[in-house]
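Can you read through this structure? Questions will come right after.
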């Protein structure tokens, strides 16, 4: 019998993407769709690409509307998920695509988000050691941030194998959909086309503590992260360029071996053949993660680069993958590893 | 039992797109993949977005390699399909994504393509009157050109209902993938980004006779077409702006009514609510066709605008839709009507 | 002695572009810069590309601030120019980049803009017959709309020589800067990149009566215009595809001859050699207009295509060109005909 | 009297950009234009944006054609400049926009370019300590590479003031014009639009030794550079994100102070106010360099980010700036610091 799924926050980019994926999922029946200021509007006016749902009308985000579903996806602004989740039964699978339940350290949360910490849920990045087991049967999932998804997958094999020093330097380029649908002058098409620009430089980006949390857990020691995000002239995609100083005596073969081992059984992570580099276009619209890694012998740094679609693997695809695991469905059900290219 | 499908010309954009769709088709098993100059190469090096097929190696396009399949998709340069098709049995479904078998008039073919006319196969645009029936059970299909797909769907209801004069004026913008993967200076990213430019102006585009053929058949009289294609700074998508002079006394209600009737039962064509206009982004990667139409009372012209993805509905999606019909599968099997947006 | 110039509305795209041009104009000294909600801010925060003016602070748009200049450029929302202009002396050259003084017919103005007609000023498109003389010595100039600039220059030679019927069909693609800097959801980078979409279809665009006014004046009879604008994924540029039915017996040589004659002495309009088509990238950031024209013998239509930069020739460049003429400076002073490409 | 300038390699992107700048230079008269395979063609067919030179025809690159000019710009493939330069008199200013004369270390040249080292000329980056003086009166100039320009300007103040450790980590995004006009499959518009991808990862990029040379000279010790270039979906622009570990006790005020001092008198380098970050769009088509720098207190790294136009300041603008200095013209003659935006 099909899983009955609701989406709270169906008018935004994350909500739209989870609906796109659920429309292609053979085991899901789409139930309530809710919005805030958009309640009462046809979905076709807000998400014209979701043709099969064009005549659906958004409800308000209330406990009554969300009741009676097997799964509820929350695509809400940061800080709003806890109140909604409390009203949903413990037997309902609640998948939060916001930040509220990602961090373990309440002080980190308060420092970066400025509100009270809501708690910590199983973390929806099954590729990290131990996570897949924690997601099985869980009824609460915190979907990772898009940058932490790309960065953690690029670097955890190096930290897990003890190949690099605990100081990571990361630059990432993101498509504009990562900034959401809220209208801001610097996100106008006229401003972003033909332009690359950084933001949140110098440690201020909210995804930094999440990266530190993930990498430190794998490394077994505190990893510092210098993270610079940049906005690229494209709608989707993250390219994360991650490096750390290689420990003495580490060889290129050590590095390659660690990555081959880490991703050997992963359905969505593809370690590219040597000499081939990731491109965000290759994972567009898919849950795939393309990774490449080299040892720069001259600078003695391990450089790992990953490409994901920020809305798919980085948000809604990670959410559906986690749903599949939590519900005991085959992990790849309804979730393509094939990008839309060119 | 799954249909066994081969793709000849698997290294190009059309071939890649049909493979992307077949990977998501529950009733198809992918067989031989062939190339010409790329034979012997890994598909992963040529089509990195097709992760699940990355380790497949391209064969040469020979009768032996293509033998033993239920369906063979031909994504070959114009003029090469006939020779290949001849060697495939009459019981094999051959779907030609090239131009060879689209035109009924040999003189048109010779005038626009400069070689001998190969023949005419059932035309894979099921939405045109009579076509769906002709495709059922057929073992040969000529997939329409991308522009004729967009234009014919935008205008046939107006011609079918006798609402407009037989002189159509059409401008269309296409993404660069419509020009294929061959490297030419004007297709460099540096040249196309930030630029709109026309080409083939003044009646010279090879898709013109195909549009005339389709519209004339529906109109019951010879329709002239003035067609101007333009190259837009995007990878995919066609936006076709089509107009013709309204016949006297035709009203806006007549126009709306004719389009509602024409598309009422079509699974992929969506006549948008009044006031909402098509955008190519909304059909990106999907088989959907978004259409809107108005009567410009001042200029007395019917203006119909359609958006498609040139590689999906305009090529490979049309091919898979035709395959489903020809084989008696449900028409929508494995073929999304949902675009990848934003 | 340098001309002293003020810009009212210096924070928007039109205001920024006129400043960019004035910075390169050897005969101009930049005076007051004003804004509305942005008064008090550094220009560097609003227009970071105008480095040499980064430390200038915007004043409020008041008569006192604008007093004492030789030229005042108005880059204000529609309907606001008249009130400001009234307070400036008759000896001050006032150049309105808004729509207020373009139309001659008060009924057209009221129908399309919904307010009282402010009047009609000399029209800043010197290439149209009679306009250059009208601009010489004038102290009031109405800068044309961007679309009417592109369309009028593409079609006036055909109408001036009586080659075509008085029913023009026009499609144009514009870069997003044409929509200005106001933040609207459909102008987000995420929405416009990778997408073509029409708007204002069916006669509703405010630039339509301006095109009709220009073409009718040249034709000596009322010309109807069916105009469909589309939004293209680029920041700047307009590509206008314009056609009209050729009158009987008109030949390709007639057409070519009329265009060669019309543009023979124009410093900014370049009729491209036969076979070469305009591209918006080639006129990016310049005052150049590239035009090509053919007679489609089969459909018997004259197709004229022009490319301009909507912010330069289509707005601020036209303004500076008109300023040069009005003030008796050499027309090309400080105004490049060279695009920034690729 | 105007300087008479020739451009060898006028059909490529660097040659086109130097011509664009020279057309706006009041002290230059454009002489011979040469090409290789394009000799005999109209420039208008190859560089349609250079309208005023459209009817010029390319000559072959021979000593006879290049003789008799005051300045010769060489925009040739790597390895070809020495032979041409040898045939030009010592009194002719030869400005090489290729790599041939940039490196001081012959072993570096041979290792990265695989041919014999041609020599070392004064380095056309006047902002680096000592360089402006070396350029004055020189008759040979090696224009820096585009990446080394962006990176050296971002980091030299930190190294010059001894603020950081000698291990720099650099990621840069470039527009596609940096790869030139040669047609390669991965540079097709269909491939680059919507995509970010790295290349030359792990120390292999030819610009790396040039960065090391520049930074080591300023630091007074060998600086190692880990450099990762990425290809961004835009035609022009470089955004360089550069960081290095801060030395103990270095404060944010030390960093800010060093950068303010370094750029205080530079006409083209703008240290942005704190909180404002560079964007490549702001320097599009200009010789401007926008820089911002912070101390990431948590990771203890100095992060400096610069934006340039790779074709202007990164190639042809640097060439013209060097020409002005070498010839004793005011440094800013004909060379805008104002970008074309949006």
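Lettered A, B, C and D in written order, each chain numbered from 1.
Here, contacts are C-beta pairs under 8 Å (C-beta built on N, C-alpha and C of every residue); 3 or more make two chains touch, one makes a residue touch a chain.
Going by UniProt, the chains are A, B, C, D = N-acetyl-gamma-glutamyl-phosphate reductase.
Worth saying up front: this structure is predicted, and the values here are computed from it rather than measured.
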Over-half contact-pair match to A-C, picked out of the listed pairs A-B, C-D or B-D: B-D
Chain B-chain C separation of Cα centroids, rounded to whole Å: 37
Length of the line joining the C-alpha centres of chain B and chain D, rounded to whole Å: 45
Multi-chain contact sites of chain D, meaning residues that touch two or more partners: 13, 175, 177, 188, 190-191, 193-194, 233-236, 279, 281-282, 284, 342
Graph class of chain-chain contacts, one of line, ring, star, complete, other: complete
Complex contact set, residues of chain C against chain D: 13, 16, 20, 23-24, 42, 44-45, 47-52, 54, 177, 193-194, 235-236, 270, 272-273, 276, 279, 281-286, 288, 290, 336-342
Chain B residues touching chain C - in the complex, by the definition given at the top: 167, 169, 171, 173, 175, 188, 190-191, 193-199, 201-203, 208, 224-226, 228, 230, 232-237, 239, 241, 243, 245, 277-282, 284, 292, 294-301, 303, 305, 307, 342
Chain C to chain A touching residues, read off their complex: 13, 175-177, 179, 181, 183-185, 187-194, 233-235
